[in-house]
Structure formats: C-alpha cells, structure tokens
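For reference, the structure is listed below as structure tokens.
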Amino acid sequence: MLKVSGLACSRGERRLFADVGFSLAAGEWLHVQGENGAGKTSLMRLLVGLSPADAGDIRWRDEPTPSVEFRRDLIYLGHHAAVKEDLTPLENLRLAAALDGIALDERASLAALVRLGLRGREDLPVRVLSAGQKRRVLLARLLTRPAVLWVLDEAFNALDIAAVKLLGELIAEHLSAGGMAVLTSHQPLPVPGGKTLVL
Amino acid sequence: MLKVSGLACSRGERRLFADVGFSLAAGEWLHVQGENGAGKTSLMRLLVGLSPADAGDIRWRDEPTPSVEFRRDLIYLGHHAAVKEDLTPLENLRLAAALDGIALDERASLAALVRLGLRGREDLPVRVLSAGQKRRVLLARLLTRPAVLWVLDEAFNALDIAAVKLLGELIAEHLSAGGMAVLTSHQPLPVPGGKTLVL
Amino acid sequence: MRQSIIQWFRFASPQSFYPLAGRMIPWFWAAAAVFGIAGLWLSFFVAPTDAQQGEGYRIIFVHVPASWMSMFIYLVMAFWAGLGLALNTRVSGMMAQALAPTGALMAALSLWTGALWGKPMWGAWWVWDARLTSELILFFLYLGFMALQAAIDDPRRADKAGAILALVGVINIPIIYFSVKWWNTLHQGSTINMNKAPSMAQTMLWGMLLMALCFWMYSIAVALMRVRAIILERERHTEWVKHAVE
Amino acid sequence: MNALLATVRRDLLLALRRKSEVLTAVFFFVIVTSLFPLGIGPEPVLLKKIAPGILWVAALLATLLGLPRLFAADHVDGTLEQMALSSSPLGLLVAGKILAHWLLCGLPLVLLAPVLGLQFDLDASALGILTLALLLGTPLLSLIGAIGAALTLGVRGGGVLLALLVLPLYIPALIFGAGAVEAHIAGLGAGGHLSLLAAMLALAVFFAPWATTAALRIALE
Amino acid sequence: MNALLATVRRDLLLALRRKSEVLTAVFFFVIVTSLFPLGIGPEPVLLKKIAPGILWVAALLATLLGLPRLFAADHVDGTLEQMALSSSPLGLLVAGKILAHWLLCGLPLVLLAPVLGLQFDLDASALGILTLALLLGTPLLSLIGAIGAALTLGVRGGGVLLALLVLPLYIPALIFGAGAVEAHIAGLGAGGHLSLLAAMLALAVFFAPWATTAALRIALE
Amino acid sequence: MQWNSVGEFFVMGGYAFYVWGSFGACLLLMVAEPLLVRHRLSEVRKSLFRERIADELDLQQKS
C-alpha cells in the first residue's frame, strides 16, 4: 500500500541518500537503520510530507502523497515531544483528538493513559513529569487515534524496560490488525519480522 | 570522596525516595536505576546542587556541598542539550570553556569533536545536526573540561552503536585515571564494574 | 503556451545565467556612465537657475531619480519573488535578493537628498508629509525584507519567506500611500505644503530624465553583479561553479 | 469548521492555564497609555489632542507583544508538525489560531479602550467611534501580524525582527483608526475612515490566513 | 572578571550570529518613534512638545522587547544550569549578560536618539541633554529589566507578565529622563533630573545583579 | 553657462552644503556599493579557488 521509489534527499551540500525505495503491505513493518546523522529523521519527514524530496515518488494506496487521505491514515511521532507542558496528559490527548476531528470520550482517553502506565499522573501538568513519562503521553495517541500507517522516529528513546516491551506489544497488535509501521531505533526492536533499510 | 547519606526527595505530594545513601571513591562509578518517573533525574539534580533536598547530607572531599570546589570538580550533563543551536559545535565548545574560565585552544577542541565523530560538522550550526550529533556535541565537553566527578543523566540516549561504545570507553578511561561517575540509563551500560542503586 | 513559458524559466538556470550576466554588466556600466555624464552636464551647466529656489533646486536631479528607482525596484523585486514562488525557479529568488540592497540604497538616497532639500526650502529636515512618510515606510519594508532573508540560513527557505513578505508588501504599498495622503490632507491643512515642481524648463526635464536613466542602468549593473556573487555562493558545490572560476 | 473551533478552544484553554497571560496584554495596554501622561506632562488640552493616537499605538504594541508566541510554542514542541499532518486543512487550524489570538489580545483592548479614553477626557461619541474603530482594526492587526509571526518562525530571536516586518504593514490601520476619531472630533465625520478600515479587514480576512499557512509550511520544511 | 568578559563576548557573538538581531532593536526604536506622528498627526508644534516623552517611551519599549530573551534561551536549553554549576560565581556571569544586553539594546538607542530627535525638530542643546539622559537611563533600564526577566523565567508566557512587573519600576527613569529634556526646553536646567538619574543608576549597579542572581537560582530549583 | 568662476560653482548660490551634500552622498554610496559587491564576489572566488586546490591536494594524497 505504501510504495516509495527513487527517493533522494540532500541537506546543505551533503547528499544524505539517493534512490531509496521500499514498499510496505498490510502487516509489514520497516526498520530504518543507520548511524547518527545518516538521514533517518530526514527520510521520515520526507515520507510524511513535512519537507519536499529532491527526487522520488511516494505513493499511498497508489495515489501520490501528500493527500488528505494519506494524512488521515497516518500517525507520525518525531523527536519532538509535541505535548503541551502546561496541560495535563488527559487534556493533551483530548485536544490532539479534537484537532484531528475525532470525538474522544473520557473513558477511552483514560484507558489509553492507564495502559501506558500513567495511572495517577492524569491530572498533573506534563511539565513536571519525567522524561520517560512525557514520551508515554505522546505514545498514548497511538491508542486513541485509529491510523493505518505508524511512522515512529526513535519512539523507544527514554523509555524504561517495561515501556519498551509494552510499545513492542502495541506495534505487534497494530501489525496483526493489518497496520503498517516505519520505525527507527539504535537498539534492537522487540518486534518480530520486519524489513530493514540501512541508510 | 563523594559521600551521600539520608537523602530524601518529594515532588508534589509524592515521596520519590528517602534515605538514599552511597559513597564513591576514586575509580568507582554508580549506576542509578529505576523505572520511568522513579526519581533518577531528581536525584541527580539534588546531587549537583540544582535543587534542594528534603533531608540528607552530601559531602565532597568531606566538605558539604555545594561549594565552589565541588563545582570545579564536577561535570553534569542532563536531559537538556545545553548547546546553542545558532552556534557551531566548535564555538559551543569554546564558549562553554570560556564560561568555566578554561583556556581552550583550537587544536584541543577540534580534537575532541573529531574523537566524537563530528568531523566535517565543526562549522555547521548545531540546529541542523541530527539528534545524535547534538548529543555528541554536548559530550565533547567531557574531553575539553577536566573534572573528577561526571554526573551523566541518560547520556546514552539517541546515540548510535558506535557512539555508545565510544562513550563507554571514555568513561572507562576517566575511571582508570582516578575519576568518578554517576550514570543513569535504561539500557545495560558498556562500562565494567560499578555500584548499583535502584530507586 | 504556459508550458513553454515555464520551460523558458527553467532554462534560465544559474549556470546559463551567470555568464550571460557577466557579459551584460560592462554594457550597463557604460550606459550608466554616458547617461550620468550627460545628465550631470545638463543639470549643472545647462539648466538655468530657478527663480524661486535659486541653485538649491539642483538637488532635484538626484532626488527624483532616486525616488523613482526606490519605488520601481520594489515592484521588480516583488515580481521576481512572486515568480520564484510560483514557478520554483532558482534564479528568481536570487534576483530578488540581489535587488533589495540597491532598492534600500535608493530609498535611503531619496530620504537623504529630500531632507537636504527640505531644510533650505521648508526650514525643516523632516515633515510628516504623505510622500515623505510613505518613502520612509518603503525604506522599512526593504530593511524588513533584507533582515528576514539574512535571518534564515537555508537559502531556499529564505527565498520563499522573502517572497511572501515582498508580495504582502506590494499589496500594501498603494494602501500605505493613499492612507498617508488622506491622513495628511483631511484635517487642518499641514503647515507646509510640498509645492509642486516649479514650471520645469525643458532642459531641467531632460536633465532629470538622463539622470533617471543613469540611475536605472546603475541599478541593473549592480544588481547583476550581486546576483553573480549570490550564484557563486549558493552553487559553490556544483561542478560547473568549480570550473567557472579560474 | 469543527477543527477551527477546536483550535480556538484549545488555544483559549492553554492561555487560561497560564493564568497571567490573559490579563497581562490588557495590563500592558493600560500601562503604556498611562506612561504617556507621565512622559509628556499633565496638560489636559494637549493630552486630549493626542489621545486617539496614543491609544491606537498602545493597542498596536499590545497586539505585537503577543505575536511571537502565536506559533512559537507549537513550533518548538512539534505540535505544528502534527497540525500540518492533521487530516483537517492547515488553513482552518491557522484561522482558528488567529481568531483565538484576537479573542485574547484584541477583544479585551476593544472593551477596555472606552475606559482608558475617559482618562484623556474624550467625550461619549468620540469614545464610541474609538471603540468601533478598534473593533474593526484589532482583527486586522491580528491577521497581518500572523503573517509576520509565521515568517519569523524558524528564525531564532525573531521577536524584534517580527516587529520590524509587521509595524510598517500596520501603518494604514493606525492612520485610519486614529484618523477616524480625530476626524470625528474635528467634526468631519468618521464614516470614510471606518469604511476603509472595514475594506482592509475584508481583504485581510481573505488573504492573511492563506499567506500565513504558506509561510508556516515553509517554516516546517 | 575574565568570566564576565567571556560572557559578554559570548552574548555578543550569539547576537551577531542572528545577524538581524543587533540592528532590529534599533529599528524598532526608529519605527515606534515614527508611529506616533502617524497616530497623532503631522503638526510640528505639537510634535515638538511631546518629542522627549515619545522618545523615552520608545526607548523603554525597545529595551523591554529584548528582555524576555535575556535569560530565556539559556534557560530552555540548559545553559543556565551549566552556568549555575560553573566554577565562576554566577553573579559575575549575570553581570556580563546584563552588560551585553545594554551594549546590544541600550547603547544603540543612545547613539540614535539625536538623529530621531531631528525628526521632531528639537534643537542641538536639547538633543545633547536627551542623549545624556538616555546614556544614564538605558543602563538603568537594563539592570532593572534583568531582575524582571529572571523573576518571570520559570513562568510560561512570561513576556507580558514581565512587562507588567518591570514597567512600573521603569516609571521613575521615564519621569526624570523625559523631565530632564522638558526642563531644559522650558529653561529650568536639567541638572537636578540628571543627578537623580545618576543616583538611581549607581544604586541599581550595586543591587540589581545581586537580585537577578537570586531570582535565577530560584527559577532553576 | 551661468557660472562666472569655479568658486561660484562650488558655492552654489549659498546652497553648497545642501547641493554638494546630496550629490556627494549619491556619488559616495554609488561608488561604494559596487566596490562592496566586487569585494564580495572576489571573496567567493578566492574561497572557491582555495577549495579547488584543497581538492587537488586530496586527490594527490589518495593516489
């Protein structure tokens, strides 16, 4: 469903990669690997349409991206926390959903937070949470927003062992329900199978 | 030389830890462990004197901290990048040294950056570097500023495999030269020996 | 038709534009010099003394060309910027960037010569007259454009952001001009009125036109020189630049 | 449309959470207008004469003060990226943010202006015109300001650069806004000024969100 | 002392890197002073009368605009933590930052004020007094402002809160500063006003860095 | 021709400061600008030249 071919990207005068291509079908996932500065983050931003590629073609369900449909099917979580430090985890989730035009009830958002181990922190401002807890708030969006394609940039950063395991399970569930995922990480990932792309 | 006893810390109404004590002698290091939100970062900030403890006693060379002497012997690298995004890595290093009152010549700072694999990026603004490269700029301070006690909060985050290995070597060198270190990390650390403190 | 125009602009790549500009520059310099010498001759040695303003009026021969150019260059700059935004051609952005400092210079000259004219004629360096005020604002618009471009270090982004600003500015310039004019004339007549140019002798008109042509040629020449520098700076890592420079 | 309202609600909530923020734009307005009598001296005739100008300049600066934060926080923490990737069109979300900015930084000034006008001894009908002019003018300020805020977004230390970009563009609003009151006091009728303000507002409502969105996409690249 | 100079050098370098930043504080000053005639109308006599007040208020606002960035960037990216942990005393580093702020945001205003005064048709001796008053007054503004910047540091959206805290403290400087020029124009002699300004400056040089340092330590906790 | 002497020409009927101030400023700036641009151009050229030499040295070292 996701088909990428001939993708090229340069930053400054440096060519990061050229002629990158891959395709993902339902239930498949891709592990983008490469050392620091290889261009993983840049690739992901091209993929989701945040920055333009020098060359190449990205197709989603055989349509060129970026399109509204693609955006509807997509979740991208980057290096940034993308949570409002002044709001509580609960409010953060609800507002993110409202921007996506999804109705989200109290119960579902609470359930997502509890699943991510934030029980007892729902009503603290995110500012005072620990580094790992902040990442968990962000990850809770994976549960509250239905999407087919997950693009997660170093989502396993700052998470403790239990959380890494949990996120692995979430991804596995997502895949077995026909989803797709593109992941980066410097650690080995607790998700079985998967294609690999080395930059 | 570092002696901590009876340390307690609470945030909001939550007691994070109480009665934490340990001591480090030359060549020893401590691995602070604990799940997300256990209080590792809070402990480190107490230790270096950025926030006051509820109770307890921290002594450096048998003197109470914080003292000017303690600060001179200390490097603390936290979750924050603490590098200026508008400046180049080279300038960042030099300015940090200037603030510490250390004279740092071109050669030494370049050597530090090269050792950390930033060859070719010395003259780019830090803003455009990748997540891992930013961390490396920060870590270069370990080479340019002599200090006895290294307090590193999740210093291994965002680093690729080669860089993790490199940092491990740096720490080992530091320890064998009579230094001390307090580290946190959710991954196993590539440094032999070491005491462990679980929060 | 549209397609072919786009093709044409694609051809105007930095690589082909660089030598072309290089060949044109001397001609514009020569034209500027010829017009300038003729214009200066007319303005100092042929044009008669003005009945009301004495010799002071001779400032007109630089003031008016500078004012005209300052306004005209803004239009050209906005045109290039808009073109760059619409067709994504690289040279357009560079042209806009190259024109801005010259435009700002012209605006500054207009303000300076105007002030030097105002002091003997009106008794004040500055009054809040419609024309003066809108020229001042134009100067600020140039500075804003340059500051914005200087503040963004990715040239592609700088071009696009600058283009949006230039276009917004170009919509605003007529609005600003008319608002200031209205503001100034609506209530109690301002104490000093800009007296329309004294009935201009034919020679004066010619002098002014020649000087205007000189300023025009000068602007083109400098802008082309600057665009060459910008091309080299931006394309420094391409093969052709390495060979273009001996 | 829903997305627009959601954005407005979100920005208002965020502002309320930072409690001080809502009131301080207003206080800034109050303090700046009160500074002038201190700097200029207490002559009533003089003060009355310069009142519309000062109130307008103060309103303009108060709006300006809030502008850098219009998109900056969302940019730094990555929320803006998420908005650009949201399935709702970015233009709508941007319009929502501008609306919220006006509700927080513009509307309170409109409501407060008559009270401050009293300080300067303006009469009731002049106060009415002042309020009306501000009601038309402050959304214009927010709309134009948003373009500037978006353009200076990637740029570090953009606060002052923003002022440089935006202030020249504000001048027509200032002239017609203050001019309306002055014309009214001079007995010339404020209709012309006000309808020009309204025309500019209509123009800006159309083009400013579009230009802002384009600028934001550039900043995100 | 070395650390102080290093800090000054560092802040100047940072400002230069953001190229536009150095010039834009100045341009803000220029634009704001030009806004007032636009709001008030073009009568030369009126303008001359309110010139000192306007120039001072504009200087004050220009200084204010640079204040939120005085410590914020260093705070967000953790540099301030590193400064607090540095072996040089924090007070010195803070003094360096304040000095750099004045060099960037205050001194250019002093140099520019005479030129702008010409716009309002002030004569040479009045311009001299104006410059002198600003030379004494702008460091005072930077010093007081630094306290406010440090106090509002932890606080989100502190920019406006900062204005609220700092502006009342600026009022004495404004009154004596603008008063000096007005007294001179009125033929009363500006000596008294200027010596009061100098006295306040001396006081602030002693206490402000100390208070700022204390406030910063609190913000870091 | 309305000038009787060189001195009269420079006095400009009493408006010397204003007239020469205007023309002088124009001349000064319009000479300075191209010089600055040329300096900028030659700086780029020089650095490009340096780069090329460095490239050649790199190649020599490799071979």
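Letters are used for the chains, namely A, B, C, D, E and F, taken in the order the chains are written, and counting of residues starts over at 1 for each.
Simple rule for what comes next: a contact is a pair of C-beta atoms (placed from the backbone, for glycine too) under 8 Å apart; a residue touches a chain by one contact, two chains touch by 3 or more.
Everything numeric here is computed off the predicted structure, so don't read it as measured data.
Among the chain pairings, D-E comes first (most C-beta pairs in contact).
Placing every chain at the mean of its C-alpha atoms, the farthest one from chain A is found to be F.
Annotation: the chain D:chain E pair of sequence copies touches via predominantly the same residues, more than half of the used numbers being shared. Rounded to whole angstrom units, the spacing between the C-alpha centres of chain B and chain D is 45. With each centre defined as the average position of its C-alpha atoms, the distance from chain B to chain E rounds to 37 Å.
Measuring from the averaged C-alpha position of chain D to that of chain E gives a distance of 25 Å. Of all residues in chain E, those touching 2 or more other chains are 18, 20, 24, 27, 31, 38, 41, 73, 156, listed in ascending order. Contact of a single residue of chain C with at least two other chains is seen at positions 140, 143, 147-148, 151, 180, 183, 187-188, 236. Among the residues of chain A, those touching two or more other chains are numbered 79, 85-86.
Across the complex, chain F is touched by residues 44-46, 48-49, 54-56, 58-59, 62-63, 66, 101-102, 105, 108-109, 112-113, 116-117, 119-120, 218, 221-222, 225-226, 228-229, 232-233, 236, 241-242, 245 of chain C.
By the touch rule above, chain C contacts chain D in their complex via residues 137, 140-141, 143-144, 147-148, 151-152, 154, 156-157, 160-161, 164-165, 167-169, 171-172, 175-176, 179-180, 182-183, 186-188. Every residue of chain E that touches chain D in the complex is listed here, in rising order: 15, 18, 20-21, 24-25, 27-28, 31-32, 35-36, 38-41, 46, 49-50, 52-54, 56-57, 60-61, 65-66, 68-69, 73, 155-161, 163-164, 167-168, 171, 174-175, 178, 182. Of all residues in chain B, only 11-12, 34-41, 79, 117, 121, 124, 128-133, 136, 154, 157-164, 186-187 touch chain A in the complex they form.
Within the complex, the chain E residues that touch chain B are 2-3, 6-7, 9-10, 13-14, 17-18, 73, 76-79, 81-89, 93, 220-221.
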